[in-house]
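Pasting the structures here.
First chain A sits with chain B, and in the next complex the same chain sits with chain C.
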Partner chain A sequence: MLRIRSEERTAYLAILPVGLLLVLFVYYPAISTFLLGLTDANPRVQGLEGVAHFIGLRNYVQTLGSGEFWASVWRTTLIVLMVLPLELAIGLGAAMILNEEFRGRAVLRTIAIIPWMLPPLVNGFMWSWILNGDYGALNGLLYQLHLVTGYHHWLASPSAQLFWVALAQVWTRFPFAMVVLLAGLQSIPQDVVEAARVDGARPAQVFRSVTFPMLLPAFTVVLAVEFIVTFQIFDVIWSLTSGGAAGQIINPFTKAVMILNYEVVFRNLDLGLGSAVAYLILLLSMGVGYVFVRMLYERGA
Partner chain B sequence: MSGAREVMLPRVVRRIFFWVAVALLALWSLAPIYWIVVSSISTRIELYTVPYKHWIPQSPTLQNYIDVFTTGPKYRAGGFLPSATLLYSGVRNSILVALLAAALLSLLASLAGYAFARLNFRGRSFLFFMMLLLVPLPIWVSLIALFQLMSVVGLIDTKLGLVLLFVAYGAPLYVWLMQTYIRATPRDIAEAALIDGASHFRVLRTIILPVAFPGLVSVFLVAFLTVWNAFLIPLIFTNSESAQPLTVVLSLFIGQYEVAWEAMSAAAVVTMIPPIVMALFFQRYIVRGLALGAVQ
Partner chain C sequence: MKVRHSIVFALALIIALMLPTLGRGGAAQTITFITAPWGVPPDQALFKGFQDRTGITVQVISAPSAEMYTKVQVASSSRRAPADVIFLTEEAPSFVVAPGYMEPLDAFVAKSPDLNVGDIERMDFWTVGGKVQGITTYVQLVMMDYNAKRLQAGGFSKPAATWDELRRQSLALKQKGVDPYPLALGAIDWSWYLMSLSAGDPMFDSGLNPVFSNSGSPARTAMTRLIGFFATDKVITPDLLTKVTPHDVFMGGTGVYHQAWQGSLAVMNNAKISKQAPDVQYLLMPDQHYTWSLDAAIGLSRFSGKKDAGWEFIKWYVSPENLRAIYKAVGLVPSRSSLQRALNSEGAIQGFDVMAEQAKYVHQLPRTAKWWGPWTQSVTEAIRKAAQGQLTSDAAVDAVAKRWNELKAQYKQ
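After this line comes the complex of A and B, so read on.
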């Protein structure tokens, strides 16, 4: 009896620091942010000492009825729709290459993982310099290869900006897809593949009827995770298209949901509305992520 | 004979395709980094040649590095501090905060991970669940009240505040990781030591952690990398050179009208050094942890 009690005391002591930090810095603020979302808190309106009023779900109703919110959801959706297929394609291609035995495989694997290790903010900056209309590398390269006759301002149009944001995000994230899919490929028993080959299946057939179905769980993981990650894209946009000047200007054309949330909270100081937006984004991203997983699993089963 | 030819020929073609694919993958992964490194060691004249052709710098120079670390405010969008001061403090803050947060996370995750992996206590599965619930939670949903809380307790714009935030928001993932590593250590030696009267903390320190050391290294490195790369948390919770890390300093260098690209590139390369070193030398410790923490 005494022994168990001392074990319990040890256990509580061991988890106490983490528990305290989580309660103080995560649970408590998460709950109060949610409650704040039910008020009209805005220091700009009420002053710093002012009292906010409880207004129920009005912030949520206002957000769901706001064209600006849905425009940013749409922009984010477009980015997601470009990122997911590209990232899956490149990640799968890279995983299939690294699944072969060849000299330099370990080196290539290391090289291909580097983009994922870098700060996304720096990646955004890097791509903005590559795409620079006056001196950028892309212009220099295409010109030297005689593919263009003059320099282009790649980031000039709003839809181009969304595309390049998506591409920079793919560059940052494809190694994740690669790593997960490579693990999936390596877990496929070789004798199944061999058996299909012996039975006369061509490589494409082997891929379609053996490899792909067995990779489905890995695909699901990548899609769900990358949906959530891309839906919450922030850093890359900040340094690639936000317009610079330490973010004093927020470029409306690439205002994804998280950038909108930042603007509502830290520019407009609309704390109540911002809290509601944050929870709506959580619901949207987790909800759709969950639907992805369900759909893919049901199709796989 | 003709059958053999038919098999041979596609094999050669397939080899060629394969090596082209290998080259493309390497090029895609490295070209942007190569360009930024070249930009950082090019002279202004070469870099701003139109049409550009100095893919290999004719007269490579470290002047850009010297410039960003020594000269005045010319690379800066606004504010009054010279860029060099900001960059120095950025390097210092990034290193300090990332090291401290990673060390603290390793320690706390070992303790809590041991409790969840090996000890029996009331509420264990409930507390474990309440912690796992937070792994995919984005910081956004607590950000606003957190900002108010940090202001009240005076932790805005302090390195301590950043460390506490990174530890709190990283803890669920790393505790979970540590408990999987600790679970995988052999039970019998630890049990024997406990029966001999050793305390749990002693057992953890002298028997379990040495065995689970690769896991501990992995937690430390992934935490360091995550904190080093972080932008949103420091963007919101810092506002001066006393706590701003490199990522935030770099974002300040992006001018509204003009960017000094060669200087920016030098600063960016400095920011990229620790992650690249980690990718080159500690990859096997990092990849799994980073993949598991992907949603954060």
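After this line comes the complex of A and C, so read on.
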């Protein structure tokens, strides 16, 4: 008995630091934020000496009834709908190429993950220079190839802004999909593939009937992770279309949910309302995340 | 042995920790200064001279203005100093001064006759609640300038005196191929304020009610005109639908007219950085000529623990030498009257006469209202939506008036 208690004590001691860190940096802020969301806390309104008041769920009701919140959810959804298929397609294509044996494969694998290694802010700024209407590289390239006769303002219209944000996000994130899918491809037993080939299956049939079904768990992981990452997109928008470095102005056309949350909390100091918005974003993310995780478990089973 | 090792280790640690202090004779202090990029002391030799002379090391934190306000607000609202010294620009009266995050400087000013505060202009603007919140560093009317040579190429010998004339000239310049985008105005709040004030709209009454939304107001006409410049006349480059300021577009050679600032000619006529040089001149604002000013100041955080050292730095910052260096580097007109006169007599201030004339037509916007910051962001959003056809210009004016009243009610509750 004594021996078991001692082991338990050791186990508790071993997980204590992690537990404390979790309580300190995850659970306490999460609970504190939830409680803040039930108040009208705004230091600019109440002043340094003022106190916030308990207002129940009014912030949630206000947010759910706000056209701006739902517009930002819609914009974010559009970005997600553009990013996920494109990212998965490019990631899968790149993974299949890099799964083949060829000279220089190791170098290419390293190069391919560079966009993922760069901070998203850097990627956003890079794309803003590429797309600049006056001196952008894209205009320069198309002009030199005689594909355009004059420089084009790529970020002029709201829909174009959303499209380019999605594309920059795909560029930033496709290596993640590629790495996970590459790992998935490498875990597929070669004898199964060989057996299909021996049975006379063409490459497309091998992919459809063997490779793709066996990759589905990896796809689900990528979908779940990338949905959450894209739903919470911030840096790329900030540096590409939101005024970024110069700006006191938040561009309304690419105001995704996290940008809206930043504006409410850090620009307006509306801490109560911002906390409620944060929880609603969390609930939305969790809802879809739950569906993906269920899919993952069902596939695993 | 163990004890001896511990003692040696402890002594070594104490010496290592104290060495930096001993090395500076125990008198050195390090303070922090948070500023927008254009507030960084430009003359490094001068700056180093101050630090060597006083023993005060100044760590400069340069951040875009919005980021700077965020840092200041978040830290101050939790009663911490975001930095010892804070540069106050643009929306600072609303974001930083009005909530009470700055240390009143009256006592410091009173014990510093060497500051010669009587020489510094617009101190009244930074006196909020009867207390001095910052020392003016530069004075800045929002103005417009134009490229006289290119205007001449369009067949116009004089700049426009009314907004109607400015529109006609812009369309003609476009049609004659002088410039496809003859106007460099951003799809931002400033453009609308500038056009509204200049057309004679006071925008707010003394009770802070938004008179700009009155039926038939000049501000409504100004909004329609501004949106028309983007959407129908297409005399402004689409790049300015997303950019924050029109300055780099103009310096890059696009535009004949440009939303500028007092002192902009020093930059726009610098051939090293501007394709418009050397032909840029100021124009007196069209119609009723009114504009507003965006003077900047420097002050102490209310929560700083090093206020005396911070004050020494502030005194140096607004010294004639540093203000002259700033004017030379970025064209910001110094707040010291004596220095303005000296620079003018040296021929260093271009367009002084127009600036002096424009200074007679200043109508301040209520930028110390606590809700000004959030409101002015909503103005830009409305302008951008209208420029993209998502709102009519009247609906944009109504939306921002509604937003003003909502915020006013929220902040006065």
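Criterion: the second predicted complex is superposed on the first by the 263 of 301 C-alpha atoms of A that agree within 3 Å, B and C clash if a C-alpha of one lies under 4 Å from a C-alpha of the other, contacts with A are read in each partner's own complex, and residues count from 1 in each chain.
Note that in this section a residue touches a chain if its C-beta (ideal position, glycine included) is under 8 Å from a C-beta of that chain, and two chains touch if they have at least 3 such contacts.
Everything numeric here is computed off the predicted structure, so don't read it as measured data.
Student: Which partner reaches more residues of chain A, chain B or chain C?
Tutor: Per-residue touch count on chain A favours B.
Student: With both complexes superposed on chain A, which partner does A:Gly133 reach: first (chain B), second (chain C), both or neither?
Tutor: The answer is second: A:Gly133 touches chain C but not chain B.
Student: Look at A:Pro158 in the shared chain and tell me whether it touches chain B only, chain C only, both, or neither; answer first, second, both or neither.
Tutor: After superposition on chain A, A:Pro158 lies in contact with chain C alone.
Student: Let me test your reading of the model: by the given contact rule, A:Pro120 touches which partner, first (chain B), second (chain C), both or neither?
Tutor: It touches chain B, and chain C stays clear.
Student: For A:Tyr279, select first, second, both or neither according to whether it touches chain B, chain C, the two together, or no partner.
Tutor: first
Student: For A:Ile111, select first, second, both or neither according to whether it touches chain B, chain C, the two together, or no partner.
Tutor: First partner only, chain B.
Student: Kindly classify A:Phe69 by the partners it touches after superposition: chain B alone (first), chain C alone (second), both, or neither?
Tutor: After superposing on A, A:Phe69 lies clear of both chain B and chain C.
Student: In the overlaid three-chain picture, which partner chain does A:Val179 touch, first (chain B) or second (chain C), both, or neither?
Tutor: First partner only, chain B.
Student: Quick one: is A:Ala11 in contact with chain B, with chain C, with both, or with neither? Answer first, second, both or neither.
Tutor: Once the two structures are laid over each other on A, A:Ala11 reaches chain B alone.
Student: Counting only touches as set out at the top, which of chain B and chain C does A:Phe266 meet: first, second, both, neither?
Tutor: So A:Phe266 meets both chain B and chain C here.
Student: Under the contact rule defined above, give the chain A residues that sit at the interface with chain B and also at the interface with chain C.
Tutor: On chain A, the overlap between the chain B and chain C contacts is residues 132, 134-135, 243-249, 266.
Student: For a test of understanding, state which residues of chain A touch chain B in their complex under the given definition.
Tutor: Within the complex, chain A contacts chain B at residues 4, 7-8, 10-12, 14-15, 17-19, 21-22, 24-34, 36, 90, 93-94, 97, 100, 102, 104, 108-123, 125-127, 129-130, 132, 134-135, 137, 139-140, 143-144, 151, 171, 175-176, 179-180, 225, 228-229, 232, 234-235, 238-239, 243-249, 258, 261, 265-266, 271, 274-275, 278-279, 281-282, 285-286.
Student: Where on chain B does chain A make contact in their complex?
Tutor: Residues in contact with chain A: 18, 21-22, 25-26, 28-30, 32-33, 35-36, 39, 47-48, 50-53, 77-78, 108-109, 111-112, 114-116, 119-122, 124, 127, 131, 134, 136-138, 140-146, 148-149, 164-165, 167-169, 171-172, 175, 199-201, 225, 228-232, 235-236, 247, 250-252, 254-256, 259, 261, 264-265, 268, 271-272, 275-276, 278-280, 283, 286-287, 290-291, 294-295.
Student: So in the complex, the part of chain C that touches chain A is made up of which residues?
Tutor: Residue list for chain C touching chain A: 64-66, 69-70, 73-74, 76-77, 79, 90-91, 99-101, 188, 237-239, 241-245, 249, 252, 254, 370, 373-374, 377, 380-381, 384-385, 388, 390, 410-411, 413.
Student: Mind pulling up the chain A residues that touch chain C in the complex?
Tutor: Listed in rising order, the residues are 43-45, 47-48, 132-135, 153, 155-158, 161, 241, 243-253, 263, 266-269.
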